[in-house]
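Sharing a structure below in structure tokens format, with a few things to ask.
Order as written gives the chain letters A, B and C; numbering starts at 1 within each chain.
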């Protein structure tokens, strides 16, 4: 039975929903608009129509050495996620298809590591990084971000793998596939959608991580989150340029995020809400 | 070659003994059917043979060689699963090619075998489809295709037809029988459909709670069930089993008479009763006769059309030569 | 599915993930625990000595500590209130038959993908800045004195920013839950003449209870660790008016170089987080089978 909705009610709901949506989106929208203004325009008061100049983008890229943190962000987020997948795919395979009595406990325990507040281990991690020379290096931060997101990666993969019938893997085993063949030719291709959404969500989480990246980098390995945080006082970077830098920092991940809406729910609730 | 010997094979899941030690020999080229009620361990036994589960005791010999600890891939057996277990991300061609690819067979040989299998199984025009775009019967044929291209020493089937509708099931049953006639390869086939068992098998293995109750040809089992369980399990409709005074008359604890071995008459006979439900199939009629004092209902099968109605008083007469007698242990006398 | 061979392989496949996480969890935590009993200042590493419970006592008697606990709770509860109530309403609004639902959804979830420092900077400069922010423009339009948000209402301002970031998360999860509501059940209730508000309280809300629980618990975990937003906007001030526990520990460790004190604070944070975690694990664990 289709719900009979009057046209007027529908128009009313639509207007209300759009109003709320635009209000929520407004800070982002206004930042985008400001980034397209000149500095004088930017502080000249409220105005939704910019002069569409790309001057701020050019300045940010040339003066503030924008590409280095950008590349760091890409390397850290993609690198840590791929690393996590390499460790997590076999683990999730084992837990989904060869469960033992303790599998559930192990999963819960993994989840619990995610609950440890970062600040609780700030002191030792900071000291370890200082003493081992990992401070402000991409490799150190990549490993750290991998560890932080590993539980989510294992969990997401586990929930996806569990939807694959075990008989298909057994069929592969009967067909003469080794474990490597089984994971490479059968499990992974079948789980591609799940792996892709895991990848996507974790790139987003790693990209936006802003505690460890700020604590453990200064310049060389600083990704965008740490780079942007250093503009906490607007001296040296005025409104339009700050907006341009912000837009460049969030644009790639915003687009990725739009594609991963569905997986977001599943990933962040550890499968508790689908 | 495909001779499979089980010596004292047993299986426990934790504390639960699903299969107590059992011995069984399956000869090369035989079509063997495992039947038994749900949960009796048919699939488990098949998976032990396949190597998908470890035995808890005993040995499995394939062609005389100990294969107990060999991995599934090394045993040279092929399996067709109830859910077909096709690789959903591969085309039909790739599905069929997969075992050959794993075996590292040269490409031209692969193609030759794929063509041959597709032709035999009527799949030629579907080779480039994905399993998701096929009907249940076609999927089942792909699964069989994937099994035959490896030229295994034996095929294992786990209820391959139970996901198909009745008409298709009869068709596929014939196809599998034909395949067996053509290839003459050993086949082990699990089902709980006794029509499949009776029509396809060279040899039936009746299982109950993991124990082998009887091994024999379909007609052996029909004519000479070794015990009450087999008597009741093989044959459709079920054999009538009577205990008490009637059985004692025959010097037995239990006697059994198949519905087709009882004559029904409106006038004379040995046991009196009343017609309850009756089913008329045209070729046959089944009467469920009540109030005989022998059992709750007695099933009678009668050829052609018989003019008996619900509530009519009838007399039943067993064919004395076809009465099965069982002792207190339930074993055949 | 379980031969000795596959089980052995499975153990091997599980091991790296488990060992990595175990080391990651246990080693630093033990170090924190150890440091928390030391007098250890990075400015004066030669003077390191055993401190007993001193760091904990010091933390406990420090007025900033109590304030930071208060601020942490206000921050968490404030954000939870806004996001759960707001998220429920927005989710119900989006669930209505509206035109352009896909785009509305995208607009609403966008703030979640904005990294915390950027979110804080946008709000600090574009929206809440006392002279150039949009809110100041609005105030001037109405002829009112613009508010200096971060000086006058530091904690409230941070709550607003964080709520803006997490509102999409709550909305999205509540929307997912709402969309799995059985429409036939709703229609049956409608046919029975149940008015809209009683349908909401007796059918919709109980159905969403689980999702709301999950939202509250997961957000709490993240909200206890709010850091970048404070660093970028108020830097914890004025005074300690917007310092939460995370920020207080960060200050002790990185600005005062008081390793022992920061470690003691870290242990307190662990205890706090664990209280929440226990509930979360129960809620999630029940869904495993």
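FYI, contacts are C-beta pairs under 8 Å (C-beta built on N, C-alpha and C of every residue); 3 or more make two chains touch, one makes a residue touch a chain.
Quick caveat: nothing in here was measured; it's all calculated off a predicted structure.
**Q** Connecting every touching chain pair, does the picture come out as line, ring, star, complete or other?
**A** Contact map by chain: complete.
**Q** Sort out for me whether A-C or A-B is joined by the greater number of C-beta contact pairs.
**A** Output for the comparison: A-C.
**Q** Per-chain C-alpha centres versus the global one: which chain is nearest?
**A** Going by the distance between chain centres and the overall C-alpha centre, it is A.
**Q** Please tell me the distance, in whole Å, between the geometric centres of chain B and chain C computed from their C-alpha atoms.
**A** 60
**Q** I'd like to verify one number: the distance from the centre of chain A to the centre of chain B, where each centre is the average of its C-alpha atoms, in whole angstrom.
**A** 54
**Q** When the C-alpha atoms of chain A and chain C are each averaged to a single point, how far apart are the two points in Å?
**A** 16
**Q** Among the residues of chain B, which are close enough to touch at least two other chains?
**A** Only 52, 71 qualify.
**Q** So which stretches of chain A touch two or more other chains?
**A** 170 - these are the residues of chain A that touch more than one other chain.
**Q** Give the residues of chain C that touch two or more other chains, as numbers and ranges in rising order.
**A** Only 1-2 qualify.
**Q** In their shared complex, at which residues does chain C touch chain B?
**A** Listed in rising order, the residues are 1-5.
**Q** Taking the touch rule as given, give the residues of chain B at its contact with chain A in the complex, in rising order.
**A** The contact residues of chain B facing chain A are 50, 52, 71-73, 77-79, 81-83, 85-90, 98-99, 102-103, 146, 150.
**Q** Please name which positions on chain A make contact with chain C in the complex.
**A** By the definition above, chain A touches chain C via 1, 3, 5, 10, 13-14, 16-18, 20-22, 24-25, 27-28, 30-31, 34, 42-43, 45-46, 87-88, 90-91, 93-95, 97-98, 100, 104, 106-108, 110-128, 147, 150-151, 154, 166, 169-170, 179, 204, 207-208, 210-211, 214-215, 224-226, 228-229, 231-232, 234, 239, 242-243, 246, 249-250, 253-254, 256-258, 261, 264-265, 268-274.
**Q** Can you list the residues on chain A that touch chain B in the complex?
**A** Its residues touching chain B are 165, 167-168, 170-178, 181, 185-186, 189-190, 192.
**Q** Of all residues in chain B, which touch chain C in the complex?
**A** Of all residues in chain B, those touching chain C are 51-54, 71.
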